[in-house]
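Chain naming follows the written order as A, B and C, and within any one chain the residues start at number 1.
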């Protein structure tokens, strides 16, 4: 399984800019927002954490169809299905590799974008923390959509549509944890713990449902 | 058909599409009749009761809004049960059931949202407000539409059946999570007015028309569902005959 | 050790492709599937490999100790129409990955990357990115994947597609050697592979007379 993890990481770096395009997209959205809402610094710092989170969510969703499409196209998915390791574990490792290559960079790029949105240091730090904790959840539950759409010719957009409602709780708790840390009175821990709980929960049902869907799309 | 009897003697007989069609043929007139009766009596009761002292006549929209919302949820439950039927027992009609229920569920959700919006306009002055329940309904609508889009995009019914079923079950598991998070989000951003969408308290006088309308809506759903399943079975028959014709031509050469 | 299938029938996209396919193979035997396009050769191979659940019948594998609890797919190599190699990685990286991913923990002898490349006649170019190779070379390296990890059963779907006659003979030699070592081979092919100890299963076109679920 380490071999699979390392191979997927290598591919993300080499193959047609998969991970980097995610970061670029992330940057683009955050860059576009001030053009839409105006350069009022107070407004930007107020909506900053939310915009960073939404952009990260969209960038993560758009990268999801890369998860299984290439494997299916060249036949590697068949060999993974045949393997004696339970497919759930293989899928889990692939999701982890995908997150390390796409989700983790998004979380690490957040401070730069936080500066564009005129966020305070606390806000930037907490946004990065919540993104680090919450973006794996997006990958895990997004994998289900990726597996479902793998058999479709232009599945990319459909994946995003299917997965978006499922990721709304992640967004809600991520942003409210961030805002709670910035505006002192509201408690930070409850939404943050909910976020961690979501990640753990999706880490289980995501790969399980994905494995089930993958077995059923092979024919 | 070689079998003389089309009687449904066991539940498993429903697995045979032909038997199901025969059953549907017999049941649909009755169920539609009862549905119409329920609606007539329900609507009569709706308009004969007093308007609410606070909200006036507009409270009558509740008699359509609340049952629609219940039906939207119940429809997803029916779809989830069908999805489990597809995954666990590979029941051939389970997929037909969930596929035909999706547009119905979407329609009920839209009705709930539109009536909720119409009800809200006189009360809050805006067409839309992000209160917890409407927001949850909206997310449910997105899920229905996504499933409908997926159904259209996949042309191989047997493969699409199981894959869609996985997504339906994952969605079903997520609905409590979504509901909880939306409620949380709403209390976080609580606006000054704490107006509940179904009025301060439901008096028994309001309860009776509401109950009748709820029953009427449920029966409407079942009628439409059976009709939709029948259509879907016919659609698959046509597709299968066409494929057979194509293969026959291939053989003759 | 044997691989047996009994009365297999399979559907694809709702159409019944074949019925009553049966075979039993023991060590060193090969099964060649012949038939027109569309007669179900690939489908049968995919059923044995475990991707497709058969409509009827079953596939059983029993290893040399007589245990029958393993799924056939766990003990098979599958070489389908596609090569299962990544264009962005070098040949060596591809083979190294499959070598460690497909490692089945048994102590059976496997070829090293270089030996496998030599065996398919392309020993000197394992450092090149896979995407730069010609179709024939890619096919040969896809075959090399079968040599770097050990599986008793080889399932090959048109293995010699895109190859010239030299490479044909090479493949025949490698398959023959696998048989000599006690392996089992199933292959679907248009061309004769010139193997020994071969059974043939001719797939007839099936007219779909048996009614399917949605048939009137």
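By our rule, a residue touches a chain if its C-beta (ideal position, glycine included) is under 8 Å from a C-beta of that chain, and two chains touch if they have at least 3 such contacts.
This structure is a prediction, so every number in the text was calculated from the model and none was measured.
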item: Chain hops separating chain C from chain A, counting only touching neighbours; value: 1
item: Among all chain pairs, the one with the most C-beta contacts; value: A-B
item: Relative to chain C, chain with the most remote C-alpha centre; value: B
item: Distance-to-centre winner among chains (Cα means, whole assembly as reference); value: A
item: For chain A paired with chain C, centre-to-centre distance based on mean C-alpha positions, whole Å; value: 37
item: For chain B paired with chain C, centre-to-centre distance based on mean C-alpha positions, whole Å; value: 47
item: Distance from chain B to chain A - Cα centre to Cα centre, in angstrom; value: 31
item: For chain C, residues that touch 2 or more chains besides their own; value: 13
item: Shared-contact residues (touching 2 or more other chains) in chain B; value: 156, 159
item: Shared-contact residues (touching 2 or more other chains) in chain A; value: 219
item: Touching residues (chain side chain C, partner chain B) in the complex; value: 11, 13-15, 38, 205, 207-208, 212-216
item: Of chain B, residues touching chain A in the complex; value: 87, 139-140, 142-143, 145-147, 149-150, 153-154, 156, 159, 162-164, 166-167, 169-171, 173-174, 177-178, 180-182, 184-185, 188
item: Residues of chain B defined as touching chain C within the complex; value: 17-18, 92, 156-159, 233, 236-237, 239-241, 243-244, 247-248, 250-251
item: Chain A-touching residues of chain C, taken from the complex the two chains share; value: 12-13, 46, 49-52, 70-71, 73-74, 76, 78, 80-89, 93, 96-98, 100-102, 104
item: Touching residues on chain A, where the partner in the complex is chain B; value: 141, 144-145, 147-149, 151-152, 155, 158, 161-162, 164-166, 168-169, 172-173, 176, 186, 191, 194, 198, 201, 205, 209, 212-213, 216-217, 219
